[in-house]
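I'd like to ask some things about the structure below.
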Amino acid sequence: MELSPLVLILALPFAASLAVVLFPSTSREPATWITGATMVACFALTVSLYPSVASGEPVRYLGAWLPSLGLNFSLRMDGFAWIFALLVTGIGFLVVMYARYYISAEDPVRRFYMFFLAFTGAMLGVIVAGNLILLVVFWELTSIFSFLLIGYWHHNQAARDGARMALTVTGLGGLALLAGMLLLGHIVGSYDLDAVLQAGDRIRSHPLYVPTLLLILLGTLTKSAQFPFQFWLPNAMAAPTPVSAFLHSATMVKAGVFLMARLWPVLSGTPEWFVIVGIAGMASLVLGAYLAMFQHDLKGLLAYSTISHLGLITLLLSLGSPLAAVAAIFHMLNHATFKASLFMAAGIIDHETGTRDLRRLSGLFRYMPITGTLAMVASAAMAGVPLLNGFLSKEMFFAEAVLTHVDSWLDTAAPYAAVLGSALAVTYSLRLIHSIFMGAPPESFPREPHEPPFWMRFPVMFLVMACLIVGIMPAQTIGPFLHVAVSSVLGEATPSYSLAIWHGFNIPLAMSVIALAAGTLLYLVAGNALERSERPLFLGRIDGQRIFERVTVAISWRFARLIEEVFGTTRLQPQMRLAVAAAIAAGAAPLVMAGLAFGDHRNGTTDLAFAGLWGVGVVCAIAAARLAKFHRLAALALLGGTGLVTCLTFVWLSAPDLAATQLVVEIVTTVLILLGLRWLPKRSRDLAEPTDWLLRLRRWRDLTIAVVAGLGMAVVSYAVMTRTPPETIASFFLDKAYAEGGGRNVVNVILVDFRSFDTLGEITVLGIVALTVFALLRRFRPAPDTIERPEQQLIQRSNDEADPDREPGSTEAEYLYVPSVIMQWMFPVVIVLAVYLFLRGHDAPGGGFAAGVAMAAGFILQYMAAGTVWVENRLRILPVVWIGGGLLVAALTGAAALLFGDPFLKSYFRYGELPLVGKVPMASATLFDLGVFSLVVGATVLMLIAIAHQSIRRLRAARLGEERQRWN
Amino acid sequence: MSRVLPYPLLTAALLLMWLLLTSFSPGQLILGAVVAMGASRAMASLQPDKPRLRRWQIIPRLLGIVTLDILRSNIAVAGVILRGGGRDRRPGFVAIPLELRDRTGLAVLACIVTSTPGTAWVEHAPDTGVLLIHVLDLVDEAEWVSLIKHRYERLLMEIFE
Amino acid sequence: MSHAQDLPGWAALATAALVLLGAALTLIGAIGTLRLRSFFERIHAPTLGTSWGTGAILLASIICFSALGSRPAVQEILIGVFISVTTPVTLMLLARAAIYRDRTEGKGEVPPRAAPRRPD
Amino acid sequence: MELTLAIAIGALTGSGVWLVLRPRTYQLVIGLSLLSYAVNLFIFSMGRLRLGAPPVLGPGGSGNPADYADPVPQALVLTAIVIGFATTALLLVVLLAARGLTGNDHVDGREPR
Amino acid sequence: MEWTRHLLIVPILLPLVTGALLLLIDELRHTAKALISLASCLLLVGTAFALMRLADAAPETGSALSLSYAVAGWPAPFGIVMVLDRLSALMLALTAVLALAALIFSMARWHRAGPHFHTLFHFLLMGLGGAFLTGDLFNLFVFVEVMLAASYGLLLHGSGAFRVRSGLHYIAINLAASLLFLIGVALIYGVAGTLNMADLAQRLPAVPAADRGLLQAGAAILGIAFLIKAGMWPLCFWLPSAYMAAAAPVAAIFVLLTKVGTYALLRLTLLLFAPGAAEATGFGGPVLIWGGMATIAFATFGVLASQAMGRLAGYSVLVSSGTLLAAVGMGDTAVVSGALFYLVSSTFSAAAFFMLIELVERAREPGADLLAVTMEAYGDEAEESEAEERDDEEVGVVMPGALAVLGVCFGLVAILLAGLPPLSGFIAKFAMLSGMLNPAGLGAATATAIPGQTWLLVALIILSGLAALIAMMRTGIRTFWAPLETIVPRVLVVEVAPILGLLALCALLAVQGGALLSYTEAAARTLHAPAAYIQGVLGTVQPGGAPR
Amino acid sequence: MTGAILLWSVAAAQAMLVAAMGCCTYRLIFGPRAQDRVLGLDAMYVSAMLLVLTIGIRTGSTVYFEGALIIAVLGFVSTIALAKFLMRGEVIE
């Protein structure tokens, strides 16, 4: 990025903002100086660009950002931007100077300057952005940093509320602006400002013009605090005064009118523009001025006055006439100067007296005559008194207001509104001056007020001087610069206008006189009433802030919660119901649309035994569903029955591998659930069958869903089974299994070779689950009613204790005395079986998985026969090692292929010649399967043992408890 | 010997099992031996009571007797069931004082009693040696006691004690 | 289903008969579990299936596969051995559990636990 | 055969769905187990039914591929069985933990009012 | 060149081996485990970026091959292939970076809060890697299961009543989804006879009309499974609680899990039902669009209604899910490109948020958030014991100025979630919206008017940003501004560093967004040219070179 | 002829075994007590094993043998777990 002055102007504030962080927070001087210097530098840079800007050709910079989306880092400074940049940096500098004295050392000074600088950068960005989206970027940044600045004293409830409200409103506007800019880009085909400014006719005639306009206006009107979004600005007065002086006179709120002026050539001139902008402007003008009169807070008065003056500008822009636009631009500058000085004066007063309440302030003039004089002059400018800059633009405004642009009631009302607004401005300006500086000296101030330090007062003085000079010699001072600004906005449409104090006796002058006189009269009549009024007349009940809060809370909180409750749930059953229903719908929709016919592909005749078998299976399943609530054990046994029938089905339909695997899994699952059942207290029947009709209805609904789901699966599976099978990938496997996979059991070859990757993933799942189960059970807390030994054991134990010939625990010993012998002798048998299943897998049903589960069942058998302690005194089973080792073996077997440049998991197979034995098949897949075996053993044992261990954990805890009792 | 082959008989049985499962080939013999030895070692780590077969010659006789008894009982019980549960039948428990103390012997006895339809092993008290069985058709209690004691227990005691 | 034709007649008939016998015994046993009135009677019934029911079908299998000549089929013996070793374990444990439950609930038909013979 | 199996799949699905819509955790476990049987059979049925087909290639890998049952769904079912087993175990343990921590066996951890 | 092919397996193999290896190391050797884990994760990041470069080197369309890797050496469509294209490479890189951040964060304390954290973590990465790379439907199921299983473990990591209760829901619903997945895959196999995605795409036109309904039913059921995982309304209610319940680093990596569903939908809809075969989709597109919009709407209200920050974060994950689903449903290249950018940005920001929440909540006065706490008022003693077991003080350097740093991070996250400039959230949103409004590119003449549903979506996306702004502002003010005396939390550098890193990435994505955007544009174009994918898979060459 | 007899009798045997399973199912569902259910399941396992053997005979294939063997060796594991649960309320102590 070359160091174009434009880039520098933009980058300096941000860079300085970051630089401020680096300085210690204890001292405020460096931050102040950096900020001031940055402002000066930016100001100087801007000034240096004057020659090129004055030539009429904007200064440009183009950097690439996201060219494919039309978002470029394009900067563009024309006269309008130039004068605004000057205003921002100039007033910025003065505010820094002022803030140097204003911000107390107890405040986090660094943070203030950081945000202040960043805000300045963002504001400059809005001004010089040459791309609509880039403009939005900076626009949003101004919202964010203004939020941070307003909330600077966030220990204050008011500051927090003000900041929140400001960001909510301007954030909403910003997003709308983004949408509007997107539409504008869509209409124009470019986000480039130059291109957009060229495309006025296309924009105004486009069908999307109205939504575009609405969205953009939503952005600008919220930003400029225009009706009906004006309410956030008074609340933003909780900000430190330098912030108000900067943001709410020259920068933040000006961004809105700035953008309206910027896009004025392409958006204005239509009835929609006129009506919307006009109403907003007029309402703001009058309403702001009216409400300003009633404010007791000094800054509140200034805030409403700002709304009113921005309304004036907005109203001017709405008119669509070039002369009005000139007036608008001129008033933007004028307002900035007098309002900034007034804010700073207000800050001085607050600073010196400790209050901003107009009712408490009085007679200050004798304590601070210089400040008082300055404030009076600035107020006069605000009221539009001749010889001051405010008067000039107001005259132009009056002149435009009386002209008829678009014939409507709005147009007719404009001059009256203008006079009314001006008169009210006179009233509140008078009230401001009179209430603060005149009258009796106050009885008590928090501290004795006196003049502020010179350099704190200097910025006010400077700005007031500017008001005066411009007011007296407009053409010689501001004239050329204003012309550059105006012509850069209006281009060829720039009208001829004259900046003079005296235009002769004309209607605008008459209006000015009326306004001044009426305003003064009003203050004389009602001044005291204003001072005593609790709230504004008529509109007092309409409290923007409260309405805002109510609406926000209603929409963003109460309504949101309602929506969350109605359209969401945290319960599981509705979620399951929805999932099932969605699946049914998803499956049914295409079938309904495309139709479904059954085929005639069949294998074998209906076998009665098979049908009977499934009669058993179905009855078991339904009974399990029926009994699962109160007869858990029965449901478990029935589940086992269903599983058994499933196994038999696999046998029946030529899938012995599945049968074997399902069988061992079945057995282990049963043991597992039984282990778990010990920790589930019995269900009592008191929460029994539903009697309530609603519950019954729900059960019927669930039953319907279940039946439909079942029917659906039945129909779909029948439809597929009766179709001629497609050409599948299976033939490949059948072809290659023996020749290239080295196994006759195709299913097993698929598992350990063709699709060994699936198997690797699958055993990982098993391993993960085992580890999870283990982890979860380490923190296991049983249900309170299961912590005690099971009922049976208690009874048996008490029987043992009652019998003098028996010792506690002898029932248990006796119970297993004979059976455990057989159970132990089955251990080596199971091992042999597991090895057999494992080695056989490649050629016949079996394989690592079935073998592993079988092996695990062997271990469990021993645990059941003799108890955990007994087994673990004899066998050191390290299930986690089995899991890790198994995974490593499987993974490394697969990875070994990489050494040969082959892909992962490629298997090698050959026949080895062993003495005595002969040809022995050797497949690397067997090694892989060994990994599977190891993992499965480890995982299964880990899960089962982790549950089993809870029983002895409980014993240990009980023993600890007993000991504790003994010691106490 | 005992460290390498802690349970020679078991190892042999497991080897036989392996060969039955696979095939009687030299390769399987070697493999089976390895597997059987490994399994026996695993068994050894459980340190079960080591049964001593003192007179294994009697085993075939016992087997024969049991097979025939079971066959007979099969017919009898099938008859009972097919006759509709038998109203005149008198089921009941029989307590038999056993002298056999060897756990393996008892286990074999349990298998025999249970496998024989019509008798069921219900409860055995190791301290007293009293065995409680349930009989489907109990005609003469003493006959059942002597059947168990003389027909099976005696032989088992000869084999194991 | 060609293998059925490959079987020598005697083997086929023997197999058929044994299979029917085994299945019939098992079925009778199962019917027994329905018909017999108390649990301790019912516990006798399944042993029909586990003893000669299984034996007959295993024998049928041995004859069938030996005759088919695919292998000297004696491995079925293993099934017989394991079934007759493992089923009793279940039944023993179950019977014991049942009698304890009956005793606990005070059902009169079961005898109390045998008292030890005290040394006189 | 096809009809029988289709009905079986349907019945298992129906029972399973009914149970997973019930409020007790144990019902959920049993229901998901039944559903996984149903799904396993469903996957299996997608390879079409073969009665009496040789499940394993003949010695030396001989045999006409057309005579064999489709091995792919079988392999998929095997994987599904394993994963189903794992998840059943997990759900069971979570159920136990939830029972201990929440004091009831409702799937939501609290009894509805 | 050949060896680079093997890089395709590394994102799966490396975490697998690491996870397994860590199991063999004693549980008490935390440092050793952490270091191995970290090293592996760093390697993974390197690999992912190498893969991204590899993928990006491929020409975009035409006869280009997507890179494929035949696992076990069996050619597609019979064996399982891993397929690398720009999209999968992007997802892998995203995974790796996020994993690194979450892993570093967990080093402060979480990795010791329960057994085998690192192993589970790496298995999760393995599942993610496999899911993104695989070109086989059933293998996708397997890897999704690996991912889910690990996520169950990680979600329950640390235990506690709320966690277990949410875990139960999470597991139950995902099990149901997995069953649907299986049904869908099986049905597709039953009708089309293949599992390979590319092969399936190729076979589709040849499927007889009579079978088409069944095939679509299979695809639709599969779609429901993905939609449950992606969190589309009304199948998404499990998500906020689950994510809220998870430990911070776990929740951070969980942000990716919903993206797997979205990824699969994107991959499959564009591969199987490419724009050319529009009639084959039937209802897929509208369901995604309307469902996505419903999700955005619901989640937006959820964001507003959330008191606890974790819940807010959960709902904002849902917002991004809905946005992505709707964008996928629209399917235009420009929209998909923007959506991919959005995917990256929203993932980073949500992950950073989840990690931040834990640190921020340490600063909360106890009882400051009573309402939020009542939701967790379930477990009582369980939490105590958790504290007990965790009491071994975390080791590491304490972060100075913690509160300020956390505040800045929070603000940045808020900006990201609201889609405000200057961070990547804005660019992402802009790219998507721009794509929606200018499907043929900015300035290109559009013959057809933009349909109403697009307008609705645009509005929803913008409004969801506003809601996020309001909610985050409310929360932030309550947390950082309102309390009179904030407890300065003890925050370690290793905890803040990953958050800052992710946020810095978001900033970088904004500044240098062009690079990623041109990548996602290329990725979107590749996705819209399924022929190249298919050819790359089915015309695969063995890495070893030797024919079998 | 003999082949037909064999097939017929195997089919009949299968029907009988299935019927036996049906009887067991009755006990499984209706108990009346838990021990009856366990007994029913145990008997069902045996019938299932026999059914596997008959399928082997019918198809002339030895590959189904493993299934039967697994039931013979391990089938009792789940039923003894159930029995022990009834007796002790706990499977592993």
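Note that the chains are named A, B, C, D, E and F in the order they appear, and that numbering of residues resets to 1 at the start of each chain.
In this text, a contact is a pair of C-beta atoms (placed from the backbone, for glycine too) under 8 Å apart; a residue touches a chain by one contact, two chains touch by 3 or more.
By chain, UniProt protein names: A = Monovalent cation/H+ antiporter subunit A; B = Na+/H+ antiporter subunit E; C = Monovalent cation/H(+) antiporter subunit G; D = Na+/H+ antiporter subunit C; E = Monovalent cation/H+ antiporter subunit D; F = K+/H+ antiporter subunit F.
All values derive from a computational prediction rather than experimental measurement.
Common neighbours of chain C and chain F (K+/H+ antiporter subunit F), listed by label, are A. Shared contact partners of chain C and chain D (Na+/H+ antiporter subunit C) comprise A, F.
Comparing each chain's Cα centroid with the centroid of every protein Cα atom identifies chain E as the most central. Most remote chain with respect to chain B (Na+/H+ antiporter subunit E), judged by CA-atom centres, is A.
Comparing the chain pairs D-E and A-F, the larger number of C-beta pairs in contact belongs to A-F.
In whole angstrom, the spacing between the mean C-alpha positions of chain B (Na+/H+ antiporter subunit E) and chain F (K+/H+ antiporter subunit F) is 22.
Distance between chain C and chain E, defined via averaged C-alpha coordinates, is recorded as 57 Å.
We define each chain's centre as the mean of its Cα atoms; on that basis chain E and chain F (K+/H+ antiporter subunit F) are separated by 48 Å. One inter-chain figure worth recording: chain B (Na+/H+ antiporter subunit E) and chain D (Na+/H+ antiporter subunit C) are separated by 39 Å, centre to centre, where each centre is the mean of the chain's CA atoms. In chain D (Na+/H+ antiporter subunit C), the residues that reach two or more other chains under the touch definition are 20, 28, 42, 45-47, 52, 54-56, 72, 79, 83, 86-87, 90, 94-95, 97, 101, 107-108. Counting partner chains per residue, chain A shows two or more touched chains at residues 570, 572, 576, 580, 607, 636, 652, 654, 656, 713, 720, 723, 725, 728-730, 733, 755, 758, 762, 765, 768-769, 772, 776, 779, 781, 792, 796, 805, 815, 818-819, 822-823, 825-826, 829, 844-845. Residue positions of chain B (Na+/H+ antiporter subunit E) touching 2 or more other chains, listed in rising order: 17, 21, 110-111, 121, 125, 127.
All chain pairs in contact, by the document's touch criterion: A-B, A-C, A-D, A-E, A-F, B-C, C-F, D-E, D-F. Residues 1-10, 12-14, 16-17, 19-24, 26-27, 33, 35-36, 38-40, 42-43, 46-47, 49-50, 53-54, 56-60, 62, 65, 68-69, 72-73, 75-76, 79-80, 83-84, 86-87 of chain F (K+/H+ antiporter subunit F) touch chain C in their complex. Of all residues in chain F (K+/H+ antiporter subunit F), only 58-59, 61, 63 touch chain D (Na+/H+ antiporter subunit C) in the complex they form.
Across the complex, chain A is touched by residues 10, 14, 17-18, 21-22, 26-27, 30-31, 35-36, 38-40, 42-43, 45-49, 103-104, 106-107, 110-111, 121, 124-127 of chain B (Na+/H+ antiporter subunit E). Only residues 1-7, 9, 12-13, 15-17, 19-20, 22-24, 26-27, 29-31, 33-34, 39, 42-43, 45-46, 49-50, 53-54, 57-58, 60-61, 64-65, 68, 70-71, 73, 75-76, 78-79, 82-83, 86-87, 89-91, 93-94, 96-98, 100-101 of chain C touch chain F (K+/H+ antiporter subunit F) when the two sit together in their complex.
Chain F (K+/H+ antiporter subunit F) meets chain A in the complex at residues 11, 14-15, 17-19, 21-22, 24-25, 28-29, 31, 34, 37-38, 40-41, 44-45, 48, 51-52, 55, 59, 63-64, 66-67, 69-71, 73-75, 77-78, 80-82, 84-93.
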